[in-house]
Amino acid sequence: MEKITAANVESFQNELTSLIEKIHTESNPKQKMKYLKRIDKIQRSISAYRSKSKLSRETKRDLIAYSFIAPNFIGFCVFTLIPIVFAFALAFLSWDGSNPIEWAGLKNFKSLFKDKFFIAALKNTIIYCVGTVPLTMIVSLGLAILLNHKVLGRGLFRTLAFFPYVASLVAITSVWKMLFHPSKGPINNLLFNVFNVQQENLPQWFTGSLVLLSMIMFSVWKYMGYYMVIYLAGLQGVNGELYEAAALDGAGTWAKFKYVTWPQLSSTTFFVIVMLTINCFKVYDIAIMLAAGGNGELTLNSTVLVYYIYQKAFIEWKLGYSSAVAMVLFVLVLGVTLIQFWGQKKYQEG
Amino acid sequence: MKSKSANTIALKTLVYIILLIMAALMIIPFLWMLSASIKTDAEVFRMNPFVWIPKNPRWSNYSEIWTKIPFGRFVGNTVFLTIIVTCLQLLTSSFAAYAFAKLEFKHKNILFMGYLSTIAMPWQVYMVPQFIMMRKMGLNDKLLAIICLQAFSAFGVFMMKQFYEGIPSSLCEAARIDGMSEYKIYTNIMIPLSKPALSTLTIFTFVNTWNDYLGPLIYLKSQEKKTIQLGLKMFIGQYSSDYGLIMAGSVLSLIPVIIVFLILQKYFVEGVASTGIKG
Amino acid sequence: MRKKLISMLLATTMAGALMVGCGSNASTDAPATDASATDTATEAPAADSSAEAVTLKWSIWDQETTTYWQALADGYMAQNPNVTIEMVDLGSQDYMTVLATELSGSGSDFDVVTIKDVPGYATLVQKNAIQSLDSYISADGVDLAAYNGATDQVTVDGSLYELPFRNDFWVLFYNKDVFDKAGVAYPTNDMTWEEYDKLARSVTDTTFGSQVYGGHYHTWRSTIGLIGCLDGEHNILSGNYDFMKPYYEMVLAEEKDGVVRSYADLKTEGLHYSAAFSAGDTAMLNMGSWFISTLINNIASGEYDASLCGNWGIVKYPHADGVEAGSTLGTFTGLAVTSSTDVPDAAWDFVKWCSGEEGAAVMASTGNFPAIMTDDVVTTITSLEGFPTDDASKEALKTSNIYLEVPYDANVSEINTVLDTYHGMIMQGECTIDEGIASMNEEIGAILAQ
């Protein structure tokens, strides 16, 4: 077999074409046979060359692609993927971070459901999510629709709405706590002076049953600008002709929303709900900064899952147990995401 | 006809009223913050009469905060961290996203699924094992830990990939036929096109890193490594009743993020729209 | 069998991750020469001035505002020129949490650590992060009797892991100007809690705009829940907390009548007790003796307005009926040697020095109470510039019984979490006192039964 290289491949190909021409005109069967053998040989060499060069081209292509991915992927792998695998493992172990690791099996999970603090944390986190997700969605969608009209000062409003999102929690919660201060704050002052609420009936915004409400209000306020921008982006993709068609059919504002806007926004809504749910389940800083007491504690009315994870891990050093709580958090988030995903598919199909 | 235009006017008025109320709700806490930052402690809660700007503004609050706590140091740490993290994030994410969006290679789908599956995973789920590992690597109480923590997020890759997919592949094909290497295509063609997406990612990363609390709380222990959020929290603990000072510190901590946001915001909605993070 | 397989698998995964760790260790732990230098120093007696240079890394909090860290380090270094003390400020807010994270597993380079509270101490002991000091104590003949029994309460299975160097006890601070203005006699060194309550009510002024609070309880659980421990019969590890009830009742009634600021307000503001007392509208404050040096220093520096709180005094902590006056709560701060230190002998020498008489003299000179209380120490502190000049205040420093806020127990941090939670709930009216205490009894009973 001749050695075929990138340099001489063309000359072989030319030979091949001339051989095929010759074979048609040749009458001598012996000579014909000779040509055929030669053709076969060249064809095989060429195809061997082709597959070989294809292979190396593929490898090269892969290497280039990997070189693009590597910087991020290595960091991602080391600092995210491996710890996640760890986290799954830890949930079935018993470890204090120093002494030898012990196998715990399902013990961590079994004791979870007898744990009053865990159940309170789970309950509060779910209530917080159920309150925050729809409320944020409605407010941000409403604002986006209003802003999508030609209104004066639209750009300014869009910027303002983003301020709460970019503001740091530490700074803005301290303002919030001043505004809602139970005895000195302007909100309660207003209730007292203007609405004549009795002093002893003034709401204690950061204790008891009101604390979750305060957290929900705060969170809607802080994040609505962000989701509003996402909805605004979604609205830009809505086909304007559909509105015209709907107007011709005599559809009112509500009908337009129901039959045109809402269905066209379904994928945006899906994204918003998933992001909101994930972020709500992760709530920690808001609870700590708005509701923590003098010993840094959250009570049964304000405790949330991530606080409990932190408490168990970094205060009591029950790493296995805290990982088990984290698994519950993960399963919840995953569950909600999957339900959403499935629901969206159903919606789009039907 | 007449009633219809009257209706429109009424509707417009309603829209403006709602927007005005919302705008007020969003901005009042910030105005309060600014106002309180130049008041004395006694003036902060004085409601009768309430004034936005006191007669003798206490500008000294803004100078005092630098001496009461090592505020300069905290700001320095945070600026350092935020800039490095944002640069790394932009660079590595857009790099990896290019491969996922425009190149064919082995195991592409598996690798991408690896990224995607972690987006729904709250950091808090794996923060404990991550901490244990980082400490083993000698990263405890090092600013580098926060960089490692924040710089390689799956979210960045996902977002940039969505954006690149919106850029026609024919552009890259044409460049390839011209003999451009993939690296050239990335730097000369993709990067100039991705301003909106990069701006969006910059805002997200900047805001997140600047305002992160739990991460630095776990990783940064010694006083000289703390970030502005930890410093502010500590300051609030120590000077709980110096409202003016606390508010001055808060205002100062907001300024950089707001500047970055204002610079980049004109690309922002476009960025969100084109990166498809809307879904 | 399957269990074994899974554990093995896990072990391999972890080993893999650890290897990743080791790989980068080499590059991050650059000053490797340091370790070898200190290694050789171990063999030489630390006190020998010709010994090689030793650096001790010491964990502390709030270096800027606390006077004694630098004073202790300087004092020791002056006597031991070969030793360099390197202080690492971990901040006071989450000090023990941060320290425990730092010392978990191996890889920490601290040599000496300050122990702020007993729950944190328990954590470190259980994690084997600090060494037993028994062999050093017996070798150097340290007399534990000097610590007035404090060390007995933190002995774990017969071993001691820390030595106290600072010792604080609770007293009652009061603002003389407030009492003068109200025309009420000052508190005395022998008061029951009922008398204290009556006194607080008599100086209270609830007029809007010019409120005067008769008392002030900081948001810590120890300001209220621990009062019941003063009879020496009850303590917080007992599993039954009925003894706290009268004191919660007293405080909540005071809150209702405007005698003290409400817990909900304090929590929302995060009001620091020093801010409350230095504002001049608080008549009495129950607080630890550490506040004495804070007051002296901050009034001298002008940080606190002397016209509002400059005229202060202290008296002994109020006591329950039938309990001797001078019974009070105590808390001490200790020093421990880490398990990971390369220079345990040098570290121990420093611990011994700070906790001994020389350290005590340094502590007293900065207005703080050393673990070894002698008459000299009392004289030093009471003669400090800025200490109240009345005799009652001097007398107030003489205690009869000191009960530790929290003695050692293996489950102490878990117990603390439960008590803190229900303390918060009772104080915020999220449950009644009875419900809260019943829950404490139940939950902690379950922990103790384990």
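Each chain carries a letter (A, B and C) given by its place in the written order, and its residues are counted from 1.
In this text, contacts are C-beta pairs under 8 Å (C-beta built on N, C-alpha and C of every residue); 3 or more make two chains touch, one makes a residue touch a chain.
Here the structure is a predicted model, which is why all the values come from computation and not from measurement.
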Comparing B-C with A-B, the busier interface by C-beta pairs is A-B
The chain whose mean C-alpha position lies nearest the overall protein Cα centroid is chain B
By Cα centroid distance, the chain farthest from subunit B is C
For subunit A versus subunit C, what separation do you get between their C-alpha means, in angstrom? 44
When the C-alpha atoms of subunit A and subunit B are each averaged to a single point, how far apart are the two points in Å? 16
Once you find the CA centre of subunit B and the CA centre of subunit C, what distance in Å lies between them? 38
Subunit C residues counted as touching two or more neighbouring chains: 17, 20, 94, 101, 104-105, 269
Note the residues in subunit B that touch 2 or more other chains, in rising order. 132-133, 218, 233, 236
Taking each residue of subunit A in turn, which ones touch at least two of the other chains? 78, 82, 86, 97, 181, 184, 314
Can you check the complex and tell me which residues of subunit A touch subunit C? 78, 82, 85-86, 89, 92-93, 96-99, 101, 103, 105, 116-117, 177, 180-184, 204-208, 292-301, 303, 311, 314-317
Could you pull out which subunit C residues touch subunit B in their complex? 17-18, 20-22, 24-25, 28-29, 63, 65, 88-91, 93-94, 98, 101-102, 104-105, 107, 269-272, 275-276, 279
In the complex, go through subunit B and note every residue touching subunit C. 131-133, 135-142, 217-218, 221-224, 226, 233-234, 236-242
Going by the contact rule at the top, pick out the subunit A residues touching subunit B in the complex. 58, 61-62, 64-66, 68-69, 71-73, 75-76, 78-84, 86-87, 90, 97, 143, 146-147, 149, 151-153, 157-172, 174-176, 178-179, 181, 184-186, 189, 193, 221, 225, 229-234, 236-237, 267-272, 274, 278, 281-282, 284-285, 289, 306, 309-310, 313-314, 319, 322-323, 326-327, 329-330, 333-334, 337
Of subunit B, residues touching subunit A in the complex: 15-16, 18-19, 22-23, 25-27, 29-30, 32-33, 36, 44-45, 47, 50, 91-93, 95-96, 98-100, 103-106, 108, 111, 114-115, 118, 120-130, 132-134, 148-149, 151-154, 156-157, 182, 186, 203, 207, 210-211, 213-214, 218, 228-229, 232-233, 236, 243, 246-247, 249-251, 253-254, 257-258, 261-262, 265, 268-269, 272-273, 277-279
